[in-house]
Amino acid sequence: MENSRFTVGLEQLSKIDGEAGHNVIESLQDICPDLAKFTIEYPFGDIYSRPALDLKSREIATIAALTALGHCKPQLKVHLNAALNVGCTEDEIKEVLLQMTVYAGFPAALNGMFAFKEVLQESKAIQPSNDLDT
Amino acid sequence: MENSRFTVGLEQLSKIDGEAGHNVIESLQDICPDLAKFTIEYPFGDIYSRPALDLKSREIATIAALTALGHCKPQLKVHLNAALNVGCTEDEIKEVLLQMTVYAGFPAALNGMFAFKEVLQESKAIQPSNDLDT
Amino acid sequence: MENSRFTVGLEQLSKIDGEAGHNVIESLQDICPDLAKFTIEYPFGDIYSRPALDLKSREIATIAALTALGHCKPQLKVHLNAALNVGCTEDEIKEVLLQMTVYAGFPAALNGMFAFKEVLQESKAIQPSNDLDT
Amino acid sequence: MENSRFTVGLEQLSKIDGEAGHNVIESLQDICPDLAKFTIEYPFGDIYSRPALDLKSREIATIAALTALGHCKPQLKVHLNAALNVGCTEDEIKEVLLQMTVYAGFPAALNGMFAFKEVLQESKAIQPSNDLDT
Amino acid sequence: MENSRFTVGLEQLSKIDGEAGHNVIESLQDICPDLAKFTIEYPFGDIYSRPALDLKSREIATIAALTALGHCKPQLKVHLNAALNVGCTEDEIKEVLLQMTVYAGFPAALNGMFAFKEVLQESKAIQPSNDLDT
Amino acid sequence: MENSRFTVGLEQLSKIDGEAGHNVIESLQDICPDLAKFTIEYPFGDIYSRPALDLKSREIATIAALTALGHCKPQLKVHLNAALNVGCTEDEIKEVLLQMTVYAGFPAALNGMFAFKEVLQESKAIQPSNDLDT
């Protein structure tokens, strides 16, 4: 049923992309809710939920592809966060970005690395403010 | 030393790409031996030899990137073979290609899958003839 | 239900891509039947079946995108045929390809036009032999 | 004559892209007026003026191509406006962008949709302030 | 006048691309003669004829761009020939292709180098047979 | 030796990219110093240092490639500055960007030209303040 694809997809989206994924979905609600629905159902409901590949490997593939394509910085940042969420270490992620020098050239790899720098700075900018609460 | 980068690179190339990698290097000798040298030294000597990421993850990243870029079928086929060489299962590789529908579109993913079909057919075309020897 | 997406998708695929679409699906059966299933369900079941855009406009969009991307000749040829199937004239299709000189450059547009030349030659190569039957 | 291509092109540019098109031309005057001249003469004078395809279909093709290419956000926004100018409905435009999930992947389609959201917000930000004048 | 753009363009095309350029134009006559006309008038009549950049530099730029784009092998081969025609040495051309490893990745550069190998083999395959005539 | 590749590369980087190049290297130090090292060693130490092509031709190739790829604006700006550094005139650079309309389409060429406008404005914004010192 459609319904279960949506439910499974939403669960995967939460597990993988966390808040950043929900922000993307939220920002689609006024302009094209059907694209939000399809984004949950097909990539997350149909693909990420398949057991044939672990989530770490899936995020490595996604980061590599988005760095190589080069024109999807917002989605790359979401998935750099997602890679951390599903257990990739910072060093493993840097290594994937570094390897993209070989396949997509140095500029694309540099842009990927600077996107990761932003992701790490944003996550550290948030964490200290949490620490203040304790 | 330059020399050790070349030696390490050649070793990595053999381990990862096998005969297909050596064929690429060989076919560069008459037109541009320096490109052969750089291909061994930088991607294989400098990058693939780094311990920070296992070879299975490296090949998953490479396959994803080349499928997304879409215009590198010969290199994609070399690395689909390489992925099998370093321990990816056929199902894991198919899963990476399938996931590219989400990031690079269905045509790019379909072309990746058909490239893998060719790789498997070519490897099976060779294996039976080996079996005849036994 | 999943089932109805597949059924609707298969119907759309037949109507739009005709035999060429079924050949793509068929050639996936041995390597990755799930990609065949997803190709029917998402692009054709979910997207092409939506009434918000007529099929002529959909094929114009698809031809333009695939010509601009440049690395999907097999899929471009399927959709150049599909454009004829859903009522685009030869001149309208040529005009879309011509317009791609502006957005993707002359080489990409030339390759699109030569792909259309092949499509027309293949369809004419088949039609006369049918005429012989009558 | 050169002159008539320029005159026809300027007329087409005004009709299709409106003020946004003139802003592009204007911003080229100090850096490279010849590029402004060529942009008017070839795309608009030679191509958009041809009667073989209606302007709605032309804009659908352009939006699809620019969304798929992914790295031309300013030009995509000009043509999302142009599509509205020549009679595409908001829903038809959203449908073209949605369809690009299939051919260029979800990230490219999402970026296209967010560009359209900006276009609609900017046009609405301008219209109410006009209404206040009445 | 249109006419002079066409005349200038045809002259440039002959000088730069030689026979290969005329073959492209010829092969467009039955499918879309207007694309042939535009290809002569805009790239060759308007752009290549401008004195602000020498033809060697123009071909270096074109070879670099087509190698980086990766999906225009027929046009790349025409311009690898053209580069030789306008005075680039084989070594200079190889150097441009080699440099593309940095900006477009090793696979795109390798494919460019193999295209050049084909160009040189084809030109040598023709030259000996000419020699036989003498 | 590794060391000499790094030393040669750093020298080339200084000569070609000037301060902008050092800023890129600097901004990599906290996130991935190895990428900084590789960027100096391979592109600048191995490639730009080769005598087979003059630096003007190298920058023309790089500008053409980055404009055509379209998704590397920061690197394009560094190399538009570099082209000026190694002796390209403003008019020659504009001509390369203009020519990219033919190979990568008008939007990519327009974005390249606007990047060059920014480069020239930034360099002029800095020069007057220097003049104040005299």
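A, B, C, D, E and F are the chain letters, set down in written order, and residue numbers restart from 1 in every chain.
One rule holds in what follows: a contact is a pair of C-beta atoms (placed from the backbone, for glycine too) under 8 Å apart; a residue touches a chain by one contact, two chains touch by 3 or more.
Please read all numbers here as calculations on a predicted model, not as lab measurements.
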Chain D and chain A - chains in contact with each: B, C, E, F
Same-site or different-site touching of chain E by its copy chain F, using the half cut: same
Greatest separation from chain F - chain, by CA centre: C
Selected pair, out of A-C, C-E or A-E, that shares over half of its residue contact pairs with A-D: C-E
Length of the line joining the C-alpha centres of chain A and chain B, rounded to whole Å: 25
For chain D paired with chain E, centre-to-centre distance based on mean C-alpha positions, whole Å: 31
Separation of mean Cα positions, chain D and chain B [Å, integer]: 41
Residues within chain D bordering two or more other chains: 38, 42-43, 66, 69-72, 94, 98, 101-108
Touch-based graph of the chains, sorted into line, ring, star, complete or other: complete
Residues on chain F engaged by chain A in the complex (per definition of touch): 24, 27-28, 30-32, 34-35, 38-39, 42-43, 66, 69-72, 74-75
Chain E residues touching chain D - in the complex, by the definition given at the top: 1-2, 5, 38, 42, 46
Residue ranges of chain A in contact with chain E within the complex: 68, 101-108
List of chain E residues in touch with chain F within their complex: 42-43, 47-48, 50, 52-53, 56-58, 60-69, 72, 91-92, 94-96, 98-104
Interfacial residue positions of chain E with respect to chain B in the complex: 69-71, 94, 97-98, 101, 105-111, 113-114, 116-117, 120
